[in-house]
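So, here's a batch of structures to check.
Okay, so subunit A shows up in both of these, paired with subunit B first and subunit C after.
Coming up: the complex of A and B.
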């Protein structure tokens, strides 16, 4: 079970710039390591992250193997209206994970 | 006359042979060029931005002065930009001159970000100056870098 941790304020004033933090549990196997029997451990990484604010893409990231295991991101967005923030990760095989948080804007 | 010393040219050739042998050992001990070089960074930047001019400034990177664990190094980048509809950052690309792959990550943002700042944790294969290039909405490119000393390097390539 992949665990996701989000840090999103519950409330914000209109037009306030809010800090968003997102972390997903993932080995981000670089493909440069060898196992105990000397075999090459194949690359297995998350390659894409997206943050959607009421369905609109507000931030995205492309990852290479240099992103540490359990990729963590901190970024910002302007609180324009009450709504849902969706955080979505996609790995190199196309598997996706996502979680949402709601934000109430006063 | 078997007890005579070998003629000078023979001795020279023996020395040369020894030198050749030592050289071969050195070559064998040198690891394969598994790490990116500043040229690879240039190539990765050209792939993203073509041959457009990249100016210094507006980009601030933060890395610890000493990274004790290269497998997870806290990293942040901030661009000096008002982040308005008319003047904002479109994307930020991060490059490493000493990892196996020069590209580290790329962040896409826009005026809705409010603040052009991103933090994450990265892997570093050795002591180096990590570089970031920001592309503004007017197409201009700005760059900055930060140096860090890595005591335990990540991605040690063993072949």
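Coming up: the complex of A and C.
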């Protein structure tokens, strides 16, 4: 199970560029590390992150093993209408989680 | 903790060798136990040791900083321009800081927001700031991502600062902003914090927005990815690397640390130069005083054997770290390691942690053991 920490403005003016922040709580184990007895620690990473604004994809990222634990993303979009921002992330096993925030555009 | 012992031990093993210790500090100020100074229950003078006994033992102690190493000509230059030649060089570089890895945290910022991660004036500055703070203030500590010197050190310090606040500034609080999600002796510290400091200490993990990415020393503000936090006292422990002389000697790799052969401690990059202590890549051996001191001894034996045209031999190494959770209570971790095949590995089933849930009598007994350890290691090194 992983969860996310989000920063989304509650309100924005129409056409304003808004900053969105997301911190995914995940160990991002690269698969290249070894434990104290020399054993390989299995890879366990998030592979995909997406942000949908009223169902439309506005940002996505593919993750690879070099991304550090607890990946942090900061990106921007244009506030076009009031609606829901959905943040979705998927791990290497195909398990998907999501969280939402609502934005009111005036 | 490493250099003096190395020289002394080498002189026992190689009585006919000429051994020179080039040491920048006139007085040695010990890092272990210096968190007690910050917590205002120990005097800094109890941390200070002189090199006089080493001098008396016949080792040439030169007060000065090594400024250059030529691994081909096998020479070391000291700050006063003197050039020393060597057959074998043992470097104990210690650590340096990655200034501006946290935006805004440079050497000047360390005046306002002391790191106190090298014992000395910064230790006193941090203590004095705590003493001068009004009751009700917020103390913020930033912990870097590993590897760094003394893995349990930030949490021992946090315990002792919380203890100070509880006693002297009961309306104040310590907030730990951590770039890690787990840490050394974590269950023991968590238990101690819940028992002793529930109202005076808050720990925020990396996954809970604990990573500090920038500071403003003029306003004592620490910034995470999501938040700016104003502190009344700020202790920023910055990300670290091997000290500058290691780079100048060419023994540092892309990680910022020194790769070594685990048996001889000879640099993987420069033949004839051995590296010991916090600057080395020796995991799972931690960057601790105990490790550095033992590495110094094993390295001295390896150098003595190599100079006597024998091979260096693998052995078993160990580490013990005591951490104070209160001025008179401590917990410990012990590890045992093999360096067979030129790599460090844990030896399964050896070593261990203090038990969880133990009573104050056990913690007090461990504090007494910590005292005895400190007296033994400094007595052996400095006479």
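The rule is simple: the second predicted complex is superposed on the first by the 105 of 106 C-alpha atoms of A that agree within 3 Å, B and C clash if a C-alpha of one lies under 4 Å from a C-alpha of the other, contacts with A are read in each partner's own complex, and residues count from 1 in each chain.
Here is the rule we use: contacts are C-beta pairs under 8 Å (C-beta built on N, C-alpha and C of every residue); 3 or more make two chains touch, one makes a residue touch a chain.
Nothing here was measured: the structure is a model prediction, and the numbers come from that model.
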**Request:** With the two complexes superposed on chain A, say which partner A:25 touches: subunit B (first), subunit C (second), both, or neither.
**Result:** second
**Request:** Could you say whether A:62 touches subunit B, subunit C, both of them, or neither, answering first, second, both or neither?
**Result:** first
**Item:** Partner chain(s) touched by A:17 [first = subunit B, second = subunit C, both, neither]
**Value:** first
**Prompt:** Which partner does A:72 contact after superposing on A: first (subunit B), second (subunit C), both, neither?
**Reply:** both
**Request:** Examine A:53 and indicate which partner it touches, taking first as subunit B and second as subunit C; both and neither are also allowed.
**Result:** first
**Fill in**
Counting residues of subunit A touched by each of subunit B and subunit C, the higher count belongs to B
**Message:** A:7 in the overlay: touching subunit B, subunit C, both, or neither? Say first, second, both or neither.
**Reply:** second
**Request:** Determine, under the contact definition given at the top, whether A:80 touches first (subunit B), second (subunit C), both, or neither.
**Result:** first
**Message:** Taking the stated contact definition, name every residue in subunit A that is touched by subunit B in one complex and by subunit C in the other, in rising order.
**Reply:** 69, 72, 74
**Fill in**
In their shared complex, subunit B is touched by residues of subunit A numbered 17, 30, 32-34, 53, 56, 58-69, 71-78, 80
**Prompt:** In their shared complex, at which residues does subunit B touch subunit A?
**Reply:** 71-73, 76, 96, 99-101, 103-110, 112-115, 117-124, 154-158
**Message:** Please output the residues of subunit C touching subunit A within their complex, sorted ascending.
**Reply:** 181, 206-209, 211, 225-226, 284, 343, 345-346, 348
**Request:** Name, in rising order, each residue of subunit A that touches subunit C in their complex.
**Result:** 5, 7, 21, 23, 25-27, 36-38, 69-70, 72, 74
